[in-house]
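Going in written order, the chains are labelled A, B, C and D, and every chain counts its residues from 1.
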Amino acid sequence: MSKLSLSMAEKIIDAALAKGAEIGLKPLTVAVLDAGGHLVALKRQDGSSILRPQIASGKAYGALAVGAGSRWLNANAETRPHFVQALNGAAGGGIIPVPGGVLIRDGEGGEIIGAVGITGDTSDNDEAAAVAGIAAIGKTADCG
Amino acid sequence: MSKLSLSMAEKIIDAALAKGAEIGLKPLTVAVLDAGGHLVALKRQDGSSILRPQIASGKAYGALAVGAGSRWLNANAETRPHFVQALNGAAGGGIIPVPGGVLIRDGEGGEIIGAVGITGDTSDNDEAAAVAGIAAIGKTADCG
Amino acid sequence: MSKLSLSMAEKIIDAALAKGAEIGLKPLTVAVLDAGGHLVALKRQDGSSILRPQIASGKAYGALAVGAGSRWLNANAETRPHFVQALNGAAGGGIIPVPGGVLIRDGEGGEIIGAVGITGDTSDNDEAAAVAGIAAIGKTADCG
Amino acid sequence: MSKLSLSMAEKIIDAALAKGAEIGLKPLTVAVLDAGGHLVALKRQDGSSILRPQIASGKAYGALAVGAGSRWLNANAETRPHFVQALNGAAGGGIIPVPGGVLIRDGEGGEIIGAVGITGDTSDNDEAAAVAGIAAIGKTADCG
């Protein structure tokens, strides 16, 4: 069984930010949470606005809460808004149900060892940066 | 008058999990609440995600809150979303208004002695497992 | 690295309740949380009062929050009350800082794989039951 | 006017962790907030417990909240506990009033450009690591 170390979290963040720079994204905030939903590392780039730490963490936390990337929450928010609103009530408002919260799995369909949440550009681009970050440590991204 | 004992709650949970295994459901979390809405027993299967205890409890609590299985709340969330949102405000966010929260009644139309909440698979399948759990103690399931 | 399974949590609870029966404790509520602070299993014995699930969980959660058994929190609450009050603010009121929240370690000084919280009798007796539960799965209890 | 950049925050964290390693501290969590009280970067070392991100952030936030290092809050918590409790009420529970939250000033008595919060060892040692981190970017530490 794998466990998400600080060293792994830093590699994920740096690779995600490198991806953002490469494809010309706006300033990003990247949060990496462990499997229990607790922050391991976070970086907010210069120019990334003040609530971004909570948004990035909330995407990652939402993914861990239900065991699916936050794209799944985004889809449910459209088909079953009452369900996603209620989840957020149960979570104390800590879930941001849009793409960009990606589970880190130990292989395809493998154990969840944490999640990455990114915000700052479009949700699709945020997610792409998260996927690049996870690839950098050789783990499998689950976008939901 | 019947009262929900720990022994009854354990039988419900074990039968619900057996049903889940039998019909091939994903890992489940099962919560059993007494008539006052307080947890008697809970089990979260390996691989069931981290917010599942609150989701399972929130389905069961919602059913007890309004005296109807949570399928009734789900229907109201679609026709009268403001009502279900307001209920959740009054409940401090503790209600999950989707199927899978089932009242335990002492006979058809009889007294409410508690509720079961299940989450992990589709809401319909979660509810089926709850019904099986309640049947195992010879009580009547009220899905709403 | 170990991970706390439902099967392990059930063994802990049943052994803790057996210990309570053996030494004549009042009705207990026992909660077992994983390393991330999320409930794996809970049982509330008949006659154990309605807030006991939150008390048992709050002892276990407090221990995990700071990485020390809740007896450590109890000592700090006496010497630095402002610190423990502030911790509870940061934790949304989820910490019960008295003995009876015991870390489950993988060997002496080893990794934390979860925590047990017990309430119902005196805090010292609650803790003794928790220690018995952890011994039943061959892990090391850390009372703080 | 100076502004706290991500690059500066990273240097502070890495220097604080290096100090911790040098003097043999337990695993630390280090948070760096900008002058507005918003997280810029955070690292939680392996083995640092799950509430540590909130504790580290809460020390730094408390310092910014009152314009004095959190050692000042700790002293007030002893002489005027009602004041510090009320501050925390106003702050939504986000203040941890013990040493280890250190203001980053632009020169002695200069402008506040952010704060560092550290937790994991004794409060005095946490503060020493924060001071080392601030020194590494040539700014002035204000411990309160």
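Just so we're on the same page, contacts are C-beta pairs under 8 Å (C-beta built on N, C-alpha and C of every residue); 3 or more make two chains touch, one makes a residue touch a chain.
Every value quoted in this text rests on a predicted model; they were computed, and no experiment measured them.
Student: Starting from the mean Cα coordinates of subunit A and subunit D, work out the distance between those two points in Å.
Tutor: The answer is 26 Å.
Student: Distance-wise, how many Å sit between the C-alpha centres of subunit B and subunit D, to the nearest whole number?
Tutor: Their C-alpha centroids are separated by 44 Å.
Student: How many angstrom between the C-alpha centroids of subunit D and subunit C?
Tutor: Distance between chain centres, rounded to whole Å: 30 Å.
Student: Where does subunit D touch two or more other chains at once, residue-wise?
Tutor: If we look for residues of subunit D contacting two or more partner chains, we find 50-51.
Student: Does the chain-touch network form a line, ring, star, complete graph or other?
Tutor: Drawn as a graph, the chains match no named shape, so other.
Student: Which of the chains touch, listed as pairs?
Tutor: A-B, A-C, A-D, B-C, C-D
Student: Can you list the subunit C residues touching subunit B in their complex?
Tutor: The touching residues are 5-6, 10, 36, 38-46, 50-51, 53.
Student: Would you tell me which residues of subunit D are touching subunit C in their complex?
Tutor: Within the complex, subunit D contacts subunit C at residues 47-51, 54-55, 58, 74, 77-78, 81, 84-85, 88, 92-98.
Student: Under the definition above, what is the set of subunit A residues touching subunit C in their complex?
Tutor: Listed in rising order, the residues of subunit A that touch subunit C are 1, 3, 34-38, 92.
Student: Hey, which residues of subunit C end up touching subunit D in the complex?
Tutor: For this pair, the touching residues of subunit C are 35-37, 64-67, 80-83, 85-92, 112.
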